[in-house]
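Heads up, the next two complexes both have chain A, just with different partners, chain B and then chain C.
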Partner chain A sequence: MVFAVFAPLIFAIIIPFISRFKRKIHTGWLILPVPLLIFIYFLQFVGRDFSTIMQSTNWIPSLDISLDFYLDGLSLLFALLISGIGTLVVLYSIYYLNKEEQLGHFYTYLYIFMSSMLGVVLSDNVFVLYTFWEFTSLSSFLLIGYWHYREKSRYGALKSMLITVFGGFSLLGGIILLTIVTGTTSIQEMVSKSDLIINSEYFLFILVFLLLGAFTKSAQFPFHIWLPDAMEAPTPVSAYLHSATMVKAGIYLMARFSPIFSEVPLFFVLLSIFGLVTLTWASYMAVRQTDLKGILAFSTISQLGMIMAMLGFGTTYGVFAAVFHILNHATFKGSLFMIAGIVDHETGSRDIRKLGGLMTFMPISATLAVFGTFSMAGVPLPFLNGFYSKEKFFESSLHLEGSGTFVEGLITAAPIIAVVGSIFTFVYSMYLFFGTFRGEYQESELPKKPHEAPIMMLVPPAILVLGVILIGLFPNFFNHVLISHSADAVYGDSVTKKIKFWHGWDSRAFQMSLVVISLGVLLYLTKSKWDSIYSFLPGPLSFNRVYDWIVEKVESVSNRITTFYMTGSLRLYMVLILTTIIIITASTLVFTGGMNFDVNDLAPITTAEIIIATIMALGAIGTTIAKNRIAAILILGVVGYGLSILFVMYSAPDLALTQLIVETVTVVLFLLCFYHLPNLESGTKSFTKTGTNLLISTGYGLLMMLIGISAYNSRFAETISTYFMENTYKLGGGHNAVNVILVDFRGIDTLFEIAVLFGAALGIYTMIKLRQDKGAK
Partner chain B sequence: MEIIMIVLAAILFATGVYNLLQKQLLRIIIGTALISHGAHLFILTMGKLKRGAPPVEAHGVSDYADPLPQALILTSIVISFGVTSFLLVLAYRAYKLNNTDNMEKLRGSE
Partner chain C sequence: MNRPNDLILRTTTQLIAFILLGFSVYLFFAGHNAPGGGFIGGLMTAAAFILMYMTYGFEKIEKILPLNFRILAVTGLLIAVLSGVGSFVFGEEFLSHSFGYFHLPILGKTELATAMIFDLGVYLVVVGITLTIILSIATDSHEDPYEDAGV
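Now for the complex of A and B:
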């Protein structure tokens, strides 16, 4: 199983090398066997006596993350869909993409996707599941932006990336909380600990995060907006990712976690409500589209909403119908996308207003489309699988249980909403088929003269349509070997439902179907009379606008914030830094009780020191108000010399010496420079700025004073200087303790201080000598 | 006496910061010089003042001033000298190139 998951990924590495030979043979042929073999591998598990399989491989054992692959009915259904439709899509793409395209890129992305999707449905470890989950987002992004020179492709890719990764992060939050609550990373163990999860204080967060993850991935209302824009991808990608597999990842997630939440009504209510809203809104919007793939995109959203609602009903009927519809939808929607791609390929247009009357030119495609669209619409014919699951959907909407006013309201509303959504489904299905293949042929509108596609291109949709018919004809066979096992995995209990075509005239579900069809036909025939309603209902209320508005606002607001404080003014940055220092340090000092004014053990005060200190203080203040640069420099010198006298008084001869020399040299340097610098201006003219400067500098001075006084008497340990004094001669061989410390005890400091001086000298030299801008030579 | 020295250091810090907040390069450099003076005085004061003879071993002396802060300050003086001289030359070059020493005008253009 591990190999089955990683085989496409391994091949994704090889693809760029073999795609060099694409002149001779299309890359797709070379790698076609990979998904086929995986499909055959998974096919062996299908059967009546199915039992779950668990395989484990170590990955990061210290974090309890291992590649656990768990195969039960649900995973098996998905694995078969992914590998089976994957095979057909690769076959289809061989004819869809010609050899001029960058095939290496295409198949690499596609195989990364295939691998990660298999990983999503087979992982038992939540973190491994998340890893694969994000890989699907990533590869989907790459595939949507495959024709990256098109503006709309890039827009669609970015949009789907932002929305699905947003959901992915919520999912990560959800699974981290789940792991914290249950102490395990395995989904199966979490299921067994569902009480712990439901009673935990994080329960609401877990629920919301998981729902966000599933709703964004599966394009549920109101996160559905990325899917129509993802139609800029090549059609095989749309058929594979955006109808059959990736968009069902959210549904898979909900199905996988629903045993955990089986006791919680809120989970099911939320799922059903969002599912039903998605179903109606998207089917309503689909009628409005003019692009074939646009119709199919909204139709996918609506069908996903329907599956989500059925999962949300949470009854045996609902779960069974949901699982059944996953399979059915994958078959007919995949084939419809492929046919839309063929129409586009052979006529050069996907605009339904330009198409029409193609049946005479493309009889085979039209025949295949009949099955696809009628199955999607749920027309009651025994060889269309869509009808069965639609019937089950109505049936399940009638058998809701629960109490509470909200739930009861939902129970009454669900069948009505289901019927309304299905009516629109019927309308757009008919519109899709009749608009494309019947009606008048408009020769002048089409860039190409239409003709039938090559036979091999028709094989993949034909196989899918064959699936539609076979499931329609023998539903109970598929039920026993596959679907009932999947439903068991979701519901946790054995669900064996008979699938019957004929329930009798008195069956409510059948009556609902009849209502759908009769009203649907009526609405379709009068479509031109009522479709002006779209300028009112979605009209300005577009979620795309909300998305665009958010994206635009995030950019402009962050830009505004950045330009607000990143002005490029050094003074402003200094103000910000110093204010932060003052506020944080002062509040720490106050709130931790660090203030300490208990001053004793002070040296006696002498007059000489007072005089020098006063001179220094006056000098320091003088520098701030001096208007003459020489004056400022000389006053600074006074402060420096004053400091060296203080050093003398405080028994620091080496310091006094160094300070004297350094001060002299510094003053000389200042004097050398001042000649080249303009005269001082009298500070800032603005009163508020001067005020702020005064406030900050006094505040900073006061703060340092407080720290100094508080620190002076808070000694926790004896000084180590007695050691230095005792060992200066014994160990260092010198009498001057300061010098011995500098070159012996702490010689490394001195080494790097020399390095600093050297660096400064070198820097000064280069600054003066190297003048590229002047063009010296 | 230590309290007075702390106050003096605080005044040096305050005036240094005030100069730092000005827009002329020369004033900013004067500000940094004042702040380093303040810091040196601060270090010395924190190591207790007037506690005996200079830390040079001599006969008959048992009470010495703390040598460690002095060593630290000595290192610091040299480093701040290096930085100050570098800044001065930088200011000189900046003025020569841009014809202004006003920091409000010396802004990068992204």
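Now for the complex of A and C:
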């Protein structure tokens, strides 16, 4: 099983090498056996006496993450769909894409996707599941943007990426919470510990995060907007990812986790409400599309909503119908996408207004399309599988259980919404078929003269249609070997349902079907009269506008924030830095009670000190108001020399000497440099600027003073100086404590200080000597 | 390059520069037991050199004192580091110093400390970098070549 999951990934590495031989043979042929073999491998598990299988491989044991693959009915159904339709899609793409395209890229992306999708449905470890989940988003992004030179492809790819990754991220949040609550990373163990999850304080977050993940991936309302734009992808991709497999990942997730939430009505209510809303909204939206793939995209959204709603009903009827419809939808929608691709390929247009009367040119495609569209519409014929699952859907909507006003309201509304959604489904299905293949042939509108597709291109949709018919004719065979196991896995208990075609005239579900068909026919025949309403209603309610608005606003607002404070003005940055320091430090000082103004430990102040301090203060003030740079530097020197006198008074002769010489050197250097600079601005500065400067500098000075006083008065430990005083001569062999500390006790500081000086000198030297001439720029 | 007639300055400089140099050497050696040390000594030596540059001009001093101050700084840094590395030879940690008393021919009983070697490194670095900085800025010939070699 591990090998089956990773085989496409391994081949994805090889594909670029074998795609070099594409001159002779289409790359698709060479790698076609991979999904086929996987399909055959999974086929061996199908049967009446099905039992679950678990395989583990270590990955990150320290984090309790291992490659656990778990095969039950649900995973098996999905694995078969992924590998089976994958095979057909590869076969189809061989004829769809010609050898001039970058086939290596295409198949690499496709096989990465296949591998990750198999990983999603087979993983038992939530983190492995998440890893594969994001891989599907990533490969889907690459596939949608396959024709990257088209702007719409890039737009669609970005949109689907943003939305699905947003959902994927919230899914990650959900599974992390799940892991914290249950202490395990295995889904099966989580199911057995569902009490812990339901009663935990994070329950609501878990629920919302998981739902967001599933709804974005499965294009549920209001996150459905990425799917129609993803139709810019090549048609094999649309057929595979955006109808049969990836968009069902969210449904898979909900189905997989529904046993955990089986006690929580909220989960099911949310699921069914969003499912029903998606169903009706998307089926309504599908009617007004003019692009073949646009119709199919909204149709997919609406069918996904239907499956989600059935899962949400949470009854045995609902679960069974949901699982059954997953299979049915994959078969007919895959074939319809392929036929849409064929029509596009052979006529050069996908616009349904330009198409028409293609039946005489493309009889085989038209025949295949009949089965697909009629099955989608749920026309009651015994060889269309869509009818069975639609019937089950109506039935399940009638068999809702639960109490509470809200749930009861839902119980009443569900059948009505289901019927309304199905009417629109019927209308667009008919429109899709009759608009394309019947009616008038418009020769002038089409860029190519239509003709039938090559036989091999018709084989994949034909096989899918064969699936539609076989499931329609022998539903109970599929039920016994596959669907019932799958439904058991979702429901967590044995679900036995018989599938019957004929329930009798008095069956409510059949009556609902009749209503759908009669109203649907009526609506379709009078469609031209409603067109104005169709084009009017969703206009301002379109969620694309919301998405575009959000994307545009995120960009412009963050841009505005950045330009607001990143002005390039050093003054502003200084203001921000100093204000931050003042606010943080001052509040820390105040709130932690760090202020300490004890004056008992102070030495007496002498007159000489006062005089020097006054001179220094005057010098400092003088520097700020000097109008000339040279003057400012010289006045600043007063402060420096004053300081060295203070050092003398506090008996620090080394410091005094150093300070004296360093001050002299600094003043000399300043004079050297500033000699070349222009005078200070003499113009009057704005009052607010000067005001803020004054405020900040005063505040900063005051703060430092407070910190100094408080620090002086709060001594927590003995000073180390007594040790130095005692040991300077004993250990260092010198009488000058300062110097012994500098070169002996703490010599390494001095070593690096001279290294710093050396670096500075080197910097100045290079800046001056190696500077480029202005003319050489 | 018109230099003013500054006879008094030149004459006094001859004297003062050597007093400064001598004082700086004193400061350097006195460092271990009295105020002074490599840093101050180095700065003082640099001050003496700067005085000479100011008085006699850049080219003349360069002839008299053919020193490359950048190499001087590198040498100082090297001595400082090696004085630290030297302690490894005696199985001690980096920058461990030791001292002892020796009878030298002229000075009699003298204290010699390995810390002095480190201080010598500091001294040379300070002399080297101070002069490198000041000379590079002072002789910056970018806009007006050899405007004035001195300050």
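Everything below uses one rule, namely that the second predicted complex is superposed on the first by the 764 of 777 C-alpha atoms of A that agree within 3 Å, B and C clash if a C-alpha of one lies under 4 Å from a C-alpha of the other, contacts with A are read in each partner's own complex, and residues count from 1 in each chain.
Here, contacts are C-beta pairs under 8 Å (C-beta built on N, C-alpha and C of every residue); 3 or more make two chains touch, one makes a residue touch a chain.
A quick note: this is a predicted structure, and the numbers were derived from the prediction, not measured.
Taken together in the superposed arrangement on chain A, chain B and chain C fit without clashing. Once the two structures are superposed, chain B and chain C can be ranked by residues of chain A touched, with B on top. Figure note: vertex chain A, arms to chain B and chain C, all at CA centres after fitting on chain A; angle 20 degrees, rounded to a multiple of 10.
Applying the stated contact rule after C-alpha superposition, one finds that A:669 touches each of chain B and chain C. Shared-chain residue A:736: touches chain B and chain C both.
In the superposition on chain A, A:658 makes contact with both chain B and chain C.
When the two complexes are overlaid on their common chain A, residue A:769 makes contact with chain C while staying clear of chain B. Contacts of A:158 after superposition: neither chain B nor chain C is touched. Of the two partner chains, chain C is the only one touched by A:751; chain B is not. When both complexes are overlaid on chain A, the residue A:269 reaches neither chain B nor chain C.
Contacts of A:407 after superposition on the shared chain: neither chain B nor chain C is touched.
Figure legend note: chain B and chain C, brought together by superposition on chain A, show a least Cα distance of 5 Å. Residue overlap on chain A between its contacts with chain B in one complex and with chain C in the other: 653-654, 658, 662, 665, 669, 672-673, 676, 735-736, 738, 742, 750, 757, 760-761, 764, 768.
Chain A makes touch with chain B in their complex at residues 567-571, 574-575, 578, 599, 601-606, 609-610, 613, 616-617, 620-621, 623-624, 629, 632-633, 636, 639-640, 643, 646-647, 649-655, 658-659, 662, 665-666, 669-670, 672-674, 676-678, 680-681, 683-684, 692-694, 696-698, 700-702, 704-705, 708-709, 711-712, 719-721, 724-725, 728-729, 735-738, 741-742, 746, 749-750, 753, 756-757, 759-761, 763-764, 767-768, 773. For chain B in complex with chain A, the residues that touch the partner chain are 1-27, 29-30, 33-34, 37-38, 40-42, 44-58, 64-68, 70-71, 73-75, 77-79, 81-86, 88-93, 95-97, 101, 103-104, 107-108.
The part of chain A that touches chain C in the complex is made up of residues 653-654, 657-658, 661-662, 664-665, 668-669, 671-673, 676, 732-736, 738-740, 742-744, 747-748, 750-751, 754-755, 757-758, 760-762, 764-765, 768-769, 771. On chain C, the positions that touch chain A within their shared complex are 27, 30-40, 43-44, 46-47, 50, 70, 73-74, 76-77, 80-81, 84, 94-95, 97, 99, 111, 113, 115, 118-119, 121-122, 125-126, 128-130, 132-134, 136-138, 140, 142-143, 151.
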